[in-house]
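By letter and in written order, the chains are A, B and C; residue numbering begins at 1 in each of them.
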């Protein structure tokens, strides 16, 4: 896919709203379209984390292997959502598995490439980190609600 | 203040503390701790109609009485259904009842879901856990006159896939009508092919127009609080968001005082209450 | 509306036309004739009497049962009876009892049920209540009864038991001559003078040797009863003396409650640290709710006998101070003692207004007197108010 075709697609995504022209260009340079068939692992716990994904359609399960309980899904990520932030900070390794539930089309961003660009252009870094912190904050809030186990019986 | 002589007294009809007998026609186990009773009155009762969102006080002979929302189709009254979890002495005793046994019922009491007010609007129904039970009558009413409403979206979150209530019905609705249903669970084994995450995460992307939507929410108080915040974030005005509150009830008729929620009696000013009126109370501990 | 159905009486010497709105004067011993007239009409007369070191309400069969010559000394957590220098019939104010114990009794059986095969039959309790005549009802208590009327007669659901008992009630009010140490009816606009809601209202005029009773007529039933008792029309001095009794009482209240903006004050101070201070003292003993004439909370108890074939439903007074009052599956909503004290006070002085259009407090002071640790609702309200005062040079102390 060429730069020209991807950029307009990226601009549509809520993630990029309000981002300057030149930053979108920089990021597009590290982006490519990808497709994952159902059942495929996008990444596994412990693997190097050098990408993140913007899901265009489909569904991905974030999973954890829990001894005695089996593989447990802790979250699903779907259309319009961002998958993966472990690329942002050392040791740049995935902490969970991501497995495709429904055939998924996504935009994959080269995290290594972007990390380099952010070191060089702190303004770009600020824009990316600002958006990611919001996503992580939302996930944390959602996770805390899951943690409260609100639907459990009281005994 | 009236003198003794001027106290206006009218003959009360049926004493509201006297239960009416209903016969159990069916007992259905929904999940491992939740069951549904199907009931109808033993005598024809002209006042058996109820509105979605209302509750009855259910009496098990010799054991006690509890308030439980009616979870069936209002159009099928006087036959009714109650879905409840086993959480205490009375519900435990209720679970042991069988077809043909009797239950004492007082009601219906309380305020209703604003089904009429929803006409011409998008409707978002957000249910958490057993909160789907008090919302089901509203769903039936909306579906009965589907053309009166624009988009109808049901967002339903529960603990695990095994805790999903009314599975068959949800599948039917999804297939038959113009109704968007999104189900999510707090956690699941890998065999689950659906969403995992709290129900609030489905709101940012749910297909409704915040400028013309009415929202009905029912579930644990924390879930309702966060859900209301999410829909407000999307631009739905606070006076278009309705919650169903729950408090200890002994009489159901506004006289025992147990269900008070600051100035409100949940049994008569609720259980369905508007978010702009109670929003600040939801954030106050121990009110 | 009081049903005073009796055979026509012999006409007795009538002083003048006794009708609602008018007053008459009887000598103090005329109280006996009043009591007997009520008894003759089939009323169970209830009134004040000395028992267990306090003035409580109970059956009265003659004026000798009344606590003539007694008075009470009341302060925070303190109640003592003292002998008066005169023989005044009504020279005290309120004890721990309020009239709600008769209109909405502490324990009521609602119905019983018998098992029959797969079903059960319910039989409602419909006792024929005795016709009650309440003797010695103070102005604050008249207001309290009116407030309870709002709850039990004027809501979407009427309580049939309260309705039956209220229907046949005869009320003889008494205008206080000396407010109690913890009284503040002047602040809540509920006294000390009885203005309506009674059949008869007595003001005791203690003028040395010649004490008498000025009786105002509040209803047709009152007029009818009074016409049996020899009386004279009041002269100007009597009327002035009666007015002075109430005026003096109004000026000598033991406490004061600032009511302006009280509801908003309580609602916005839900997180004020003062609640923790009062909670440290409060025992959650529920005394205040038991003695308060307007507290109406009850619980329902479903019981069964040992065979399991007979069931009963009882209603019992309850209190928001108990831990399980607000219990729903998993736990209580109001766990801390602080939240329960806050609930009681906020309900009484603020939420009542939203619910029933009026404050639930009639300024009788019983909660102050009968609190074992002497918590004073008027002082707590003032403390909240004071905590909001902006001190010059300092930041607002609003929490």
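To be clear about the criterion, a contact is a pair of C-beta atoms (placed from the backbone, for glycine too) under 8 Å apart; a residue touches a chain by one contact, two chains touch by 3 or more.
All figures in this text were calculated on a predicted structure; none of them were measured in a lab.
Averaging Cα coordinates per chain and for the whole protein, the chain whose average falls nearest the overall one is B. Distance from chain C peaks, on a Cα-centroid basis, for A.
With each centre defined as the average position of its C-alpha atoms, the distance from chain A to chain C rounds to 68 Å. With centres defined as mean CA coordinates, chain C is found 39 Å away from chain B. For this pair, chain A with chain B, the centres built from the Cα atoms lie 37 Å apart.
In chain A, the residues that reach two or more other chains under the touch definition are 154. Touching of two or more other chains is recorded for residues 329-330 of chain C.
Residues of chain B in contact with two or more other chains: 85, 87.
Across the complex, chain B is touched by residues 59, 61-63, 69-76, 78-80, 99, 101-102, 138, 141-142, 145-146, 148-154 of chain A. The part of chain C that touches chain B in the complex is made up of residues 1-2, 110-111, 113, 115, 118-120, 122, 124, 142-143, 146, 149, 151-153, 155-160, 163, 166-167, 169-171, 195-199, 218-221, 267, 270-271, 296-300, 302-304, 308, 311, 313, 315, 318, 320, 325-330, 333-336, 338-339, 342-343, 346-347, 350-351, 353-355. If you check the complex, the residues on chain B that touch chain C are 1-10, 12, 15-19, 21, 42, 59, 61-65, 85, 87-88, 100-102, 104, 246-248, 250-251, 253-258, 260, 262-265, 268, 284-287.
Those residues of chain B lying in contact with chain A across their complex are 33, 85-87, 128-130, 157-159, 163, 184, 186-190, 192-198, 200-201, 205, 219-220, 222-223, 226.
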